[in-house]
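Quick one: structure below, then a few questions.
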């Protein structure tokens, strides 16, 4: 059953914004893009690329920044907000609340008798739960997940289907893991003896703190000796590679297909673009921003954005890239010179 | 049981090509490379890199382009074709037909009583099918697949093992999905409140049209509000990341490990090289070709090939790359100049 | 039950190194990093980046290279070794032996009556084993693995959870495959007919020789006609894409997220950095080293390291990259010149 529609007044109250409208009792039943919204739906303007859509939108309500300009004639109500994107998010979260664990353990699940499931845990079909596993109240374990020995899961976590948590993995509360992710695979550690690579046992674990999200088919290796750690509130997209003993700081965000080599320590509030990479045994300071496809091969000691490979300060890279593009013209000029 | 051998005459008829041979009743039982083919097998020459193999091949039949030159002495029959690669493909498809659904539903499968399976659907072991799912006639659902609530699958689809189709995913007819792919994972959407990232509910779906193929462990995120769409005949390789609300045009081909950020719209008949990337909210015109490892950060309005990062026209990139390689020599020249 | 502690004398014997200590009967119960080790634990110095940790370590034993310098005062015993990293590995392997198959076949597993499991094979929950599969003695098949028709697995292999081995895949002995890997997915082969891409049946297989390790969620495509082959002792990290008919030579090591296009042949003892890529139909000589993020687009005929895209000899790339970084300054100089 969907949540009940809200009046404009209720929404203004929920979002703590300034409402302008003819009738604050008008009902809003959902959220849509400016182009697709109907009269009983809210929309929002956050990316200015879409501001022309304000002229044609049929939305009944538009969330706007405090200083956004309106077309001359509009038929929609507005709510002014410091951050309309956050407003949109909160409204969308009202209309689409996170799934709530049913408390049903599917009869096909294979659960070791020593495993401890708290109350109201949902376990879907073909889940395998080994000895010594504990799952906190309200958590959902999707179909086909595998929780190996000693795994510990906090409260209200959501594991989408087919997630693997290898031996000893620890999750805090409200962790979300998308389908197919592998947490706790062996780190890539081998010693060359002169005739073969000898596998180094990977005996550390993966520790994931509260409110972390891990993307689909992302791989997070267990530590070689100590742990691989992802701190509170960090968000990782799909198909990311995180090697053994990496540490990811609080509220750091990593886009798809990025990769991190072993033992690198990433600060708080960092951002990593898609397909970026970071070499091993490095330290990246809080607030580091790494551009898409960039490759970091040295420590980063000052907050700011780097790009390119080897990565350099972003503005520097922009200039050098523009000149790279002009190399044929530059070369012609040099030839004329001498 | 393998399909019956074909006579040279039957093959010429099947491929609609011009046969040259001593005995058109000779039987051919399969297809091999020029180097490995035996007298009762066909081969083909398509990539001219392998033309010297014509001299030593033992093949009984070789498919050739209309203008390919032959060595002086050959013992094989030939069939001349506009496109010998298509001829090879058709012959290989005769000898190796696609698997046909057995109509057997494995007793271990967990199928909601409301799910609708059409006739002749094959469901393998440990498949989980939720409420409101429908599967069209002749489709095969491989072992360990998870079909979440409201998933709709057309006719004659082939899901290899361990595919996840998240809530509401729609597949057309004859869609092939390789093992481990995740379709419908949450898009990577969070709003920063000043103290934390608030997850934006991802409530759109993934729509995949007829004749699409999706590679192993590829991830396709559901839309944030509207849908992520992959249009008719598009082919995606392994380990690709497709973010929320991306649209991929008809017959577009994407090589392995490529990535696409959110809301980008890709035209028809495009080609993307391996490990290429495209930023979000862009439009790429029909017929765009993106080189391997390239990174596209702006709209592409003219058909043609781009390379590099940031991507520029391919020929331009080739010139600039050649000069990049000569930068040490260029620098020496500049130093001599002044 | 953990292995018994070892005396310093026993360790010196096991590692064949020169022991310096006060009391060779002192017991060591495990291995830790220099910083975290306690008096009953061993540690090692291999990466000189960590040499200052020697001053503060509480370790009871440190494995060192023959020529490593010690701080003036130390309380730990030492064992001098040609290669302390190999010594660390051997000691860690003593304390953390590889898992031994229990010989238990979980009753939930779905095993075709024709499949042949040798003695002491362990099969975990929800494993699907098709007709004609054979599994050698001592192998472990983790939860949710899918072994398709005709798969052959040697002795003492370890398949972590949710691995797919597609039809006809062959593994040698002691092969380790991390969770979620897909071996034997269809190669990406289509022929354009002028109006659609026609799928080329992929009828070759994947052959993996002894002592190979494959990383989590890595994808290895089956051959189009012949086989895709990974030779003895090669090690592949996570999220790697290996296309159809690639051959990987003995003891070659490939880091995470690297990709290889079809029919390329890689020599012995090669090394590939993370996120590197190699185009199709190439030959790379034994001992090739490819830097992180590099893209190889031509044959490599001489042993050595290449970097960049297109890849060039590494030292050349280092120089050109340094000058790329200085392009703004170079351009200013050129403008002054004329």
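A, B and C are the chain letters, set down in written order, and residue numbers restart from 1 in every chain.
The criterion applied here is as follows: a residue touches a chain if its C-beta (ideal position, glycine included) is under 8 Å from a C-beta of that chain, and two chains touch if they have at least 3 such contacts.
Since this is a predicted model, take the numbers as computed values, not measurements.
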Quiz item: Counting shared numbers against all numbers at the contact of chain A and chain C, is it over half, same, or under half, different?
Solution: different
Quiz item: In degrees and to the nearest 5, what turn takes the CA positions of chain B onto those of chain C?
Solution: 120
Quiz item: Where the centres are mean C-alpha positions, what is the separation of chain A from chain C, in Å?
Solution: 27
Quiz item: In chain B, what residues contact two or more other chains?
Solution: 108, 126, 144, 162, 180, 217, 239, 257, 275, 324, 330, 334, 337
Quiz item: Along chain B, where are the residues that touch chain A in the complex?
Solution: 108, 110, 126, 128, 144, 146, 148, 162, 164, 166, 180, 182, 185-186, 188, 190-193, 196-201, 203, 217, 219, 221, 225-226, 239, 241, 243, 257, 259, 261, 275, 277, 279, 281, 295, 297, 309-310, 312, 316, 319-320, 323-324, 330, 333-334, 336-337
Quiz prompt | Contacting residues of chain B [partner chain C, same complex] | solution = 31-33, 36, 47, 49, 83, 85-86, 88-90, 92-93, 95-96, 98, 106, 108, 124-126, 142-144, 160-162, 176, 178-180, 211, 213, 215-217, 233, 235, 237-239, 251, 253, 255-257, 274-275, 292-293, 321, 324-328, 330-331, 334, 337-338
